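Chains here go by letter, A, B and C, matching the order in which they are written, and residues are numbered from 1 within each.
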Amino acid sequence: MKNTLSRYSALMLVVLFSLVLMTLAPASFAQDDDLVVFRQPANEPDSLDPAQGGFGYQEMFSLYEPLVDAYSSAEVTPLAAESWEVSDDGTVYTFTLREGLQWSDGEPVTAEDYRQSFLRQLNPATASYSVEEFYPILNGQAFSTGEITDPELVGLSAPDDLTLIIELVEPTPFFLSYLGNSNYLPVRVDLIEEYGDQWMEAGNHVGNGPYMLTQWDHDQLMVFEKNPFYTGIWQDNRFVDRIEFVLMADAWNQAVPAFEAGEVDAAIAPASELPRLLDDPEYADMINPVPIAGSVILIMDTDNAPTDNVLVRQALSLAIDREVLANSVLRGAFAPAVSLSPPQLASHNPDEAFGYQYDPELAASLLAEAGYPGGEGFPEFEVTYWSVDRAQLVMQALQAMWSSTLGIDVILNPLEPGAMRDWRISRNEQSYNMQYGLNWAGIQDASQFHNALFDPDNSLKRSRFDDADYVELIRTALVEIDPVARAEMYQQAEAIINEQVPIISLFYEGQTWLTRPYVENFVETTTSVGLIFRYAQPPGLQINE
Amino acid sequence: MTGYVVRRVLLIIPTLLAVFTITFFLMHATPGSPWDETGRPLPINVVETLNEKYGLDKPIWEQYGIFLWGIVTQGDLGESYIRQGQNVRDVLIDRFPVSLQLGLYAMGFALIFGIILGVIGSIKPNSLLDNFTTFLSVIGISTPNYVAATLMVILFAVWLNWLPTGGWDGALSNRVIIPVIALGLGPMAIIARYTRSSVLESLSQEYVRTARSKGLSERRVFISHVLPNALISVITVAGIGLVDVVTGSFFVESILNIPGIGRYFVTSVTARDYPVIIGTTLLYATLVIIMNLVIDLAYTVLDPRIRYN
Amino acid sequence: MENQQKILTSHKETVISIEESLPIYRSQSKQMLRRFAKNRASVISAIFIFLLAITAIFAPLTAPSGYDEVDFAAITQPPSAEHLFGTDALGRDVLSRLIYGARVSLMVSIMAQLVIVLIGVPVGIISGYSGGWVDIVIQRIVDTLYAFPSLLFIIIVMTYLQGTLQESEGVIATALSALNESTGGLLGVLIALGLVFWLTVSRIVRGEVLSIKEKEFVLAARAIGGTHRHLMFRHILPNVMAPVLVAVTFGIPNVIMLEAGLSYLGLGTRPPVPSWGLMIAEGVRNFRSFPHLLIAPGLTLSLTLLAFNYLGDGIREALDPSMRGK
């Protein structure tokens, strides 16, 4: 009798399993055979507004077109602006727009559109996240803080539809790079007023880029298609008809399975996947390491013992085996630092980098010279960082390195990322020992690593390093127009930092992209943007197999 | 009975108020602000404008009052601080059905397979088969759902290429299979254990013996007497399980790119997106309260003894 | 009404399947032990847990190396004679980390249960024994707290604690901070769990008290003039401990699993202190490249939870003979 029952249950089990199996079908997205579709994983953008944070560059540069292209190569090249002139004193820029440019709703793109967009960034009511990048514009800062309210006083004018004149406060050699950045993208101010908060949704959104937003299912899928009114540089080179962004919770760490399953054509591989992918003959050739102009850094409080002593700082830096850190612990996903700033910047100076040699003996003797032989008597030393995976791994490795070569046991203080932001701001007044941080060059300019990190007038005090000669040097360099002289000054400045090490770089940022063989023509950018797919293909190549 | 239900329903109001109050003050007491995501602090005037725009410059009690007033009078939970232009209530209305469907499917899966496993186990206690089903249950209990989800993606999507790696196409696509199993394994195990012990308990009851003595076949006895009684308590367990599954789905939603509420909640905690945190918590609290009430009522209906006791 | 109320709310207990237990008399304890000894699976489980606890307590002696002994020359090695379970991303011995991790995971779950019992039992007894308005007030509070979605609440509490504990000043904060340090940063888990899960225990206890209160031996004690305190502690408390013990045994695996979930969100232990949850979270991220990082802690966790489940079954059956003979 009991046997019957168990047979009965077993039968039910089999039936249910087959029911489940019947719903199985091969995985694929709906596809239109006539179109070339490029599928890319991406994080859900917080917005598509150049004045807000939390967007992807790939999306932004497909939807909008800046005046110039400042990220594809070391040189700034024309994009929406056909040409430009800079006055001899370096403070007045006159741009001539390409003729016949149109928004994705068919309206003409005018110089006034750019002017209005830049004014919107400066408008206090917009509360733009990137307002500081507009401070070089004459009266820009005063307008943004409400000191002056007349937009006519701001150094922006559009005498006719194709001419945009920008006046600056002082010579700003990197201003063209700013103009190519995502913050200086034009938006349709009239539509933002009309649609309010909903202007970025599909159907409402209008841009001037080669592609336009046609569908946005939040947290699932965002679709771009060719902008039919686009007449810019890329007009005849848009090989891809349709871009599908598969929106993920964490596209940087989650996309590899989707790539392997053939659901996307490109993906970023996290460090933990690299050893396997490199060993796999199927994928080894699809790996494209993309360097990013950014560093992972440790910032020390130079007003607070023991790191007020340069010997201690040098000892801490010299005791770090950056090769092991980057190549073993982080599996070669990032390049070990050889100088404070990454190689993309003119200040990169590995030849004069005392603090970047790995020399355990010298490190130990420097620490002894500072009064802590073998780490004896070294005060309690706390490193604060955010509790995300990579930082946890890096800090545990450093803790071990310092312990074995210097005999100091540093205390690890991981903070929840939100709390870490508060902590950092509070350290403008309070002292600390050491903090972990990232510094990315939003534009390809050395000031992003020197003036941004060390100018005492900066809103963030960070290391409190206040060497008068150094500060003088970076302030002079900032406004120097001659690129050669400027680069030289930043090289000198970097040599000072590499020797004094108030901030040390651990490794340079990078992304490891997996791309299918049929995906070509992507651009490794020179700034923190990373990789940009141009969607332009030589004819005859198929994006989808 | 009616009085009891009315009292329980009325209790929802003070309960939700308490949930709101605790969440509100706990979140505001946590260090961090919704702004300057990028790590680079924003200029002070920008922060001030943002605080003013969202009313964060007001005293905390006033903020509390305004927020509460908005909920009570208009059911308005405010706008997300982080995601531009997204009204929290609308987002929750969009996403809750996804999480709920997922939860219901997962519980359906858990019930079917849990009961089958439990019944198999109870047929011959402590036999090899019983131990095997116990083993399966423990695997279910001891596998965190994010591990199950990750492993299933590797197996079914990457290696076998049977299923997609994630996403959501509504309740009738094959995309639901991996998340449903990942979410359902835990409750399935609990239900299996529970079914097994209830069946064993029912088997020794008086009425079962009576039924047998009447000459009914063993199968008839089992299907019409033992199982229904054993399942009363199983269903209440399933009710609680549903709440746990719906509120605990954020790992699975993140890993499998499902646009449900769980995924939204976790990112909003890190980003200090207060309206989203509060909205989600209130929604889940309502779900918990309603489920508790439903379970209690179901218990009364299913088990007539309660009314007479 | 009283009874109806009790049964109406009794579904919470049923999750961990507590049968109403009979009053326990001291003379029964030998019988119980004998009943427990007959259950082979439970005995093996008890031995396993005992050995695990010993291994964890004497970790410095039993572990092949320290949990934070980094070896950059031996990163992510597969299992070998030297490293039985292989090494992790910093070349640390996985077996040693598992043993030290057992310390954290077991200590946290046992301490969490302690917190739960210390709050839940007194509240349950007072509520059930007093009856009247005290009972009503307590039950209203319990109902309210029940409405908190527990996992969400724990995440919010953990975020709050991780943000504030490190940075706050003052005696209490410092003491809490020290306690936090010694549990590898899991104090928050204890607090959050205690706040959420004592409800279940208090309901179980209250239910038990309600039924015991009317039993003959209690009535007799009351008749001969026993004080309330005497009644509560000498007669009622010992008799409710049985279901509480079962609840605790089944609760321990819950805590271990929850810690695993929090670790995945980055809200777990502070490095380099290992916990099983942390190791599983790390393992799952590295599974494709280094499967041993998931398999070792995963199997250990499964075995331990299996043991706790059998142990719980054994204890329940020993305490409640009606469950015997299955």
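The criterion applied here is as follows: a contact is a pair of C-beta atoms (placed from the backbone, for glycine too) under 8 Å apart; a residue touches a chain by one contact, two chains touch by 3 or more.
Since we're looking at a predicted model, the values are computed, not measured.
Q: State which chain is most central when centres are taken as means of Cα atoms.
A: B
Q: Count the touching C-beta pairs: is A-C or B-C ahead?
A: Between the two chain pairs, B-C has more contacting C-beta pairs.
Q: State, to the nearest whole Å, the distance from the C-alpha centre of subunit A to the C-alpha centre of subunit B.
A: The mean C-alpha positions of subunit A and subunit B differ by 37 Å.
Q: Hey, how far is the Cα centre of subunit A from the one of subunit C, in Å?
A: Measuring from centre to centre gives 44 Å for this pair.
Q: What is the distance in Å between the mean C-alpha positions of subunit B and subunit C?
A: It comes to 21 Å between the two C-alpha centres.
Q: Mind pulling the residue numbers of subunit C that touch at least two other chains?
A: Expected reply: 159, 163-164, 167, 288.
Q: Which parts of subunit B, given as residue numbers and ranges, touch two or more other chains?
A: Residues 30-32, 154, 269-270 of subunit B touch two or more partner chains.
Q: Listing for subunit A: what residues touch at least two other chains?
A: Only 416, 418-419, 422-423 qualify.
Q: For subunit A, which residues are in contact with subunit B within the complex?
A: Touching subunit B: residues 1-2, 4-6, 8-10, 12-13, 16, 20, 23-28, 46-47, 49, 52-54, 124-125, 127-129, 131-132, 144-146, 196-201, 217-221, 246-250, 254, 257-258, 260-263, 416-425, 437-438, 459-460 of subunit A.
Q: Given the complex with subunit C, which residues does subunit B contribute to the contact?
A: Residues in contact with subunit C: 4, 11, 14-16, 18-19, 22-23, 26-27, 29-32, 122, 125-126, 134-135, 138-139, 141-144, 146-147, 150-151, 154, 190, 193-194, 197, 200-201, 233, 236-237, 239-240, 243-244, 247-248, 251, 265-266, 269-270, 277, 280-281, 284-285, 287-289, 292, 295-296, 299-300, 306-307, 309.
Q: For subunit C, which residues count as touching subunit B in their complex?
A: 3-4, 7-9, 11-12, 14-15, 17, 140, 143-144, 146-153, 155-157, 159-160, 163-164, 167, 253, 257, 260-261, 264-265, 280-281, 284, 287-288, 294, 298, 301-302, 305-306, 309, 323, 326
Q: State the interface residues of subunit B toward subunit A in the complex, per the touch definition above.
A: Residue list for subunit B touching subunit A: 30-33, 36-46, 49-50, 53, 79, 82-86, 91, 94, 112-113, 116, 119-120, 123-124, 129, 153-154, 157-158, 161-168, 174, 177, 217-219, 222, 253-255, 257, 259, 263-264, 267, 269-272.
Q: Flag every residue of subunit C that touches subunit A in the complex, lowest number first.
A: That would be residues 68, 70, 72, 75-76, 89-90, 159, 162-164, 166-167, 266-267, 270-272, 285-286, 288-290 of subunit C.
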